[in-house]
Amino acid sequence: MSSTESAILLIYCPDSPGIVAKVTDFLYQYQGNILHLDQHVDTQKNVFFMRVEWDLEHFTLEKDAIEPAFSPLADVHQMTWKLHYNTDRLRMVIFVSKQSHALYDILSRWHSGEFKVDIPLIISNHETLRPVAEQFGLPFEVVSVTKDTKAESETKQLALLEEAIPDVIVLAKYMQILTDNFVNHYPGKIINIHHSFLPAFIGAKPYHQAFERGVKIIGATSHYVTADLDAGPIIVQNVTDVSHKDSVKDMIRKGKDLEKTVLSSAIYLHLQHRILAYHNKTVVFN
Amino acid sequence: MSSTESAILLIYCPDSPGIVAKVTDFLYQYQGNILHLDQHVDTQKNVFFMRVEWDLEHFTLEKDAIEPAFSPLADVHQMTWKLHYNTDRLRMVIFVSKQSHALYDILSRWHSGEFKVDIPLIISNHETLRPVAEQFGLPFEVVSVTKDTKAESETKQLALLEEAIPDVIVLAKYMQILTDNFVNHYPGKIINIHHSFLPAFIGAKPYHQAFERGVKIIGATSHYVTADLDAGPIIVQNVTDVSHKDSVKDMIRKGKDLEKTVLSSAIYLHLQHRILAYHNKTVVFN
Amino acid sequence: MSSTESAILLIYCPDSPGIVAKVTDFLYQYQGNILHLDQHVDTQKNVFFMRVEWDLEHFTLEKDAIEPAFSPLADVHQMTWKLHYNTDRLRMVIFVSKQSHALYDILSRWHSGEFKVDIPLIISNHETLRPVAEQFGLPFEVVSVTKDTKAESETKQLALLEEAIPDVIVLAKYMQILTDNFVNHYPGKIINIHHSFLPAFIGAKPYHQAFERGVKIIGATSHYVTADLDAGPIIVQNVTDVSHKDSVKDMIRKGKDLEKTVLSSAIYLHLQHRILAYHNKTVVFN
Amino acid sequence: MSSTESAILLIYCPDSPGIVAKVTDFLYQYQGNILHLDQHVDTQKNVFFMRVEWDLEHFTLEKDAIEPAFSPLADVHQMTWKLHYNTDRLRMVIFVSKQSHALYDILSRWHSGEFKVDIPLIISNHETLRPVAEQFGLPFEVVSVTKDTKAESETKQLALLEEAIPDVIVLAKYMQILTDNFVNHYPGKIINIHHSFLPAFIGAKPYHQAFERGVKIIGATSHYVTADLDAGPIIVQNVTDVSHKDSVKDMIRKGKDLEKTVLSSAIYLHLQHRILAYHNKTVVFN
């Protein structure tokens, strides 16, 4: 990883010959030295994907001039594209409920500089984790949620988010289902951790389901949240062995380790602009 | 592992204090030296499980006398129990269809002595793998199966099995659903490999389902066959990573590696008398 | 896992027939209901190992009377043995240096109740992590260490430990080599995390060594500290994939995840009295 | 994977801006549609690596004309490069000794079409596996090897290889050390499987070493053979858990599974032209 400033371009568009040549020509024309280039073609759906990162040190275009200069090429190929800089500092809002393991894992990575991100706000439906937020000097707002007040609660949450202006929202064991309305305010920006190896054990109490079924492996899944619950694009999955010796309680304990690891991996990849989501799947360039 | 002869006792029964003491007292009374002892209590269902293996070298009971001597204790505790010897040579019948990977893996382990078992018969619904059976000098019978002739075909298969007298039947990618009638002839003796990480992607074309869903891990599951398809007691599961780069064809290739490994592991455990199945789950003492 | 009080007996001794029978008879005699029993025989060295946990609810011996009652049997078999209770609250002292990832992982598990342990003291050779200790309201003492003052520093540390009376000492990336004298004060009680897959890359800068060698997997190892550096009994190891894409910095980042997980697993097993160390190896009953 | 014919270009050279642009321009100029492109920069050593695969269906250069057309560009950038076609059928010679597990795994993959390769010869220092070769209808030559006759034996082997004209030589548990002279005849073309997680347990009897050390994970390593024994570029590694319950014999059994899997993975990658070896490391584009 370069310590100097670099730019990252994420692209997807209909596949056709010459796209890599044209994009890399564009960079070469301004003396851009490519640090990483990944591409992928979904041959079934004929979609081209690309992530290219280049050094800005000797790049002869000013940062402000890159987008206008690249736009004509993007238009020709009907690209969906986004330009990022490795020096961008994103804003991440975290939703939590009562469990602390995922939150501590995120905040300790933030504290050590592994997650180079600002955290303007932590939102919870309970007071329980306020002391953890205070440990790290972070704002903590409680918006209580009940079945009857969900709409009202989401209005409050959306108002808080409007001020916080998040680039990414992380549901760190938030345990509440968001409405389509809420999700549609932040498409492709909400990351959730599901405490099972999706699509097995969708829904509530997956560890109890896993115990009853007698599986020998349990897993966890991080995914982008879409209107269709538990069915958004999967980012990272991981698993661990279990046996007849593991009670439901043991599975929950082992599962917590998976949950925090899998969620933090997804956050890391998102912050590094390594994920392209489309058609309910992800391309993860890692 | 001892190279001398040993006996293996598998037990399950309602839990109560003193069972381990009584069983190990029984062995000690005849100078039995315990090589391995595993026990487990399902505290939810109050069931006790035990596997104990002891050296027969200085054991003062003759082999024929062990069962009668142990029976009274077993009766007191309403034990379901079975006595095996490490020198027993089990009989294993293999069902295959057209794919060779699992069969080759099994036969190469048999050839090298890892599976100390007799294989009186390989049954298939196609001629395809006859040359593989012939390579290893093993009998191969084809019983063709169509939707309309399933009952008739199973009658033929059951007749062949009656002669082969299998201790265990392995479905090595047999790809046909067995009727309840067939399954009930060999309860707890039929091992299947399912080409997915059960309970995800139950049913047909699991790799296509996995590809469509965009999962990041695929798996395979070996299980005992029961009347309820894909829902029998799970023995072994394993997984491997996949990514957007993997086509369905790649997943099938990776899946084959999982399938053969997971199936062979289940066979190994079964041959070593390490599995106790109950209530649609397994206790695997490994 | 029972929510009632249970006793845990850890034993090792020369192997001979009847040990399991005699120990379980002892428990049965006082109505002890066995919750878990694990045993192992090292047939090469003829050593017998056992861990047995039983419910104290209906046990007819008072806790104070168990040790005297068991001693005669232990003596007959020359047992090395130890009796624990699941309600014991151990005292754990943590040594750290500048890196926070392992410490945060430990303290968040302590905070959530996964580690049921008292932490009377955190010792460091630097001020860096004092704020983390303060976040959790834990005492933090700095004892600076230089090559020339190592003996003096250890004297101070030993004095602090004498007051803290630790049952277990965890080196959470302490990065200093302890003298034999120090180690001998707490035999079998010091757990270290080594940032490599021992015995590969023993010594300093293992991630740089791994990068240079071009390995495809890196690992971490937790072990008890003995006088022979990096050669104490291994408790837990784990690994993760790396590739040519991973710089040394990436390996260090991935390695930190391994380190904290592997260290916390070892602590968990130690606190549950699941580890027997002998002859530079461990028997881990998990 | 395309079912039509494709070309694969493997390149490494000193890094400089514009290489990707120039190579992809070259392909685009002749209407080449890129199927896969992977690149990597070793920023420490300033080396650029690339693998690009493109569809030949609409490519306007004849196959014979590709190399001459590309050469000038390659010369400018001092490229080490090689052009392959997915329809090339490589020739693979296998060396074995007495153990059959790796050989069976390779031959069953060859039989099922997973390895699209010709096998003109299997060479062994023992008669043991001749029946396996005969099962698959493959030529089998025995060249006995003793300490005193190693030079003479290698002369015979080299003569056999001169006729077999192998593109790749696989040591499938051959268990003999090759001389530098032999290795230098086939640089970068000899793949070995080492029965340990290199660089741990280099040398003989690694499973015995692993048992003695009490490790909790064992591994296997496939690598290209170079003059420096056990130190050639690593291609694939994998690991499996072990515990105190595993005897040396169990570790050998588990190790065999690793060995065959890891060796076959390396062969697959080599046959797909996915490996670039340099400076005793590999870049594996998978």
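Every chain is named by a letter (A, B, C and D) in the order it is written, and numbering of its residues begins at 1.
Keep this in mind: contacts are C-beta pairs under 8 Å (C-beta built on N, C-alpha and C of every residue); 3 or more make two chains touch, one makes a residue touch a chain.
Because the structure is a prediction, the values reported are computed rather than measured.
Visitor: Taking each chain's centre as the mean of its Cα atoms, which chain lies farthest from chain D?
Guide: That would be chain C.
Visitor: Considering C-D alongside A-C, which chain pair is linked by more C-beta pairs in contact?
Guide: By the number of C-beta pairs in contact, the winner is C-D.
Visitor: Distance from the CA centroid of chain C to that of chain D, rounded to the nearest Å?
Guide: The separation of the two C-alpha centroids amounts to 41 Å.
Visitor: How big is the gap, in whole Å, between where the Cα atoms of chain A centre and where those of chain C centre?
Guide: For chain A versus chain C, the centre distance works out to 35 Å.
Visitor: Chain C: which residues touch two or more other chains?
Guide: Answer for chain C, listing residues that touch two or more other chains: 43, 245, 247.
Visitor: Where on chain D does chain B make contact in their complex?
Guide: 1, 99-101, 104-105, 108-109, 111-112, 114, 135-136, 245, 247, 249-250, 253, 256-257, 261, 286
Visitor: For a test of understanding, state which residues of chain C touch chain B in their complex under the given definition.
Guide: Within the complex, chain C touches chain B at residues 2, 15-18, 20-22, 24-25, 27-28, 31-39, 41, 43, 58.
Visitor: For the complex, which residues does chain A have touching chain B?
Guide: 40, 42-43, 49, 197-201, 213-217, 219, 233-239, 243-245, 247, 280-284
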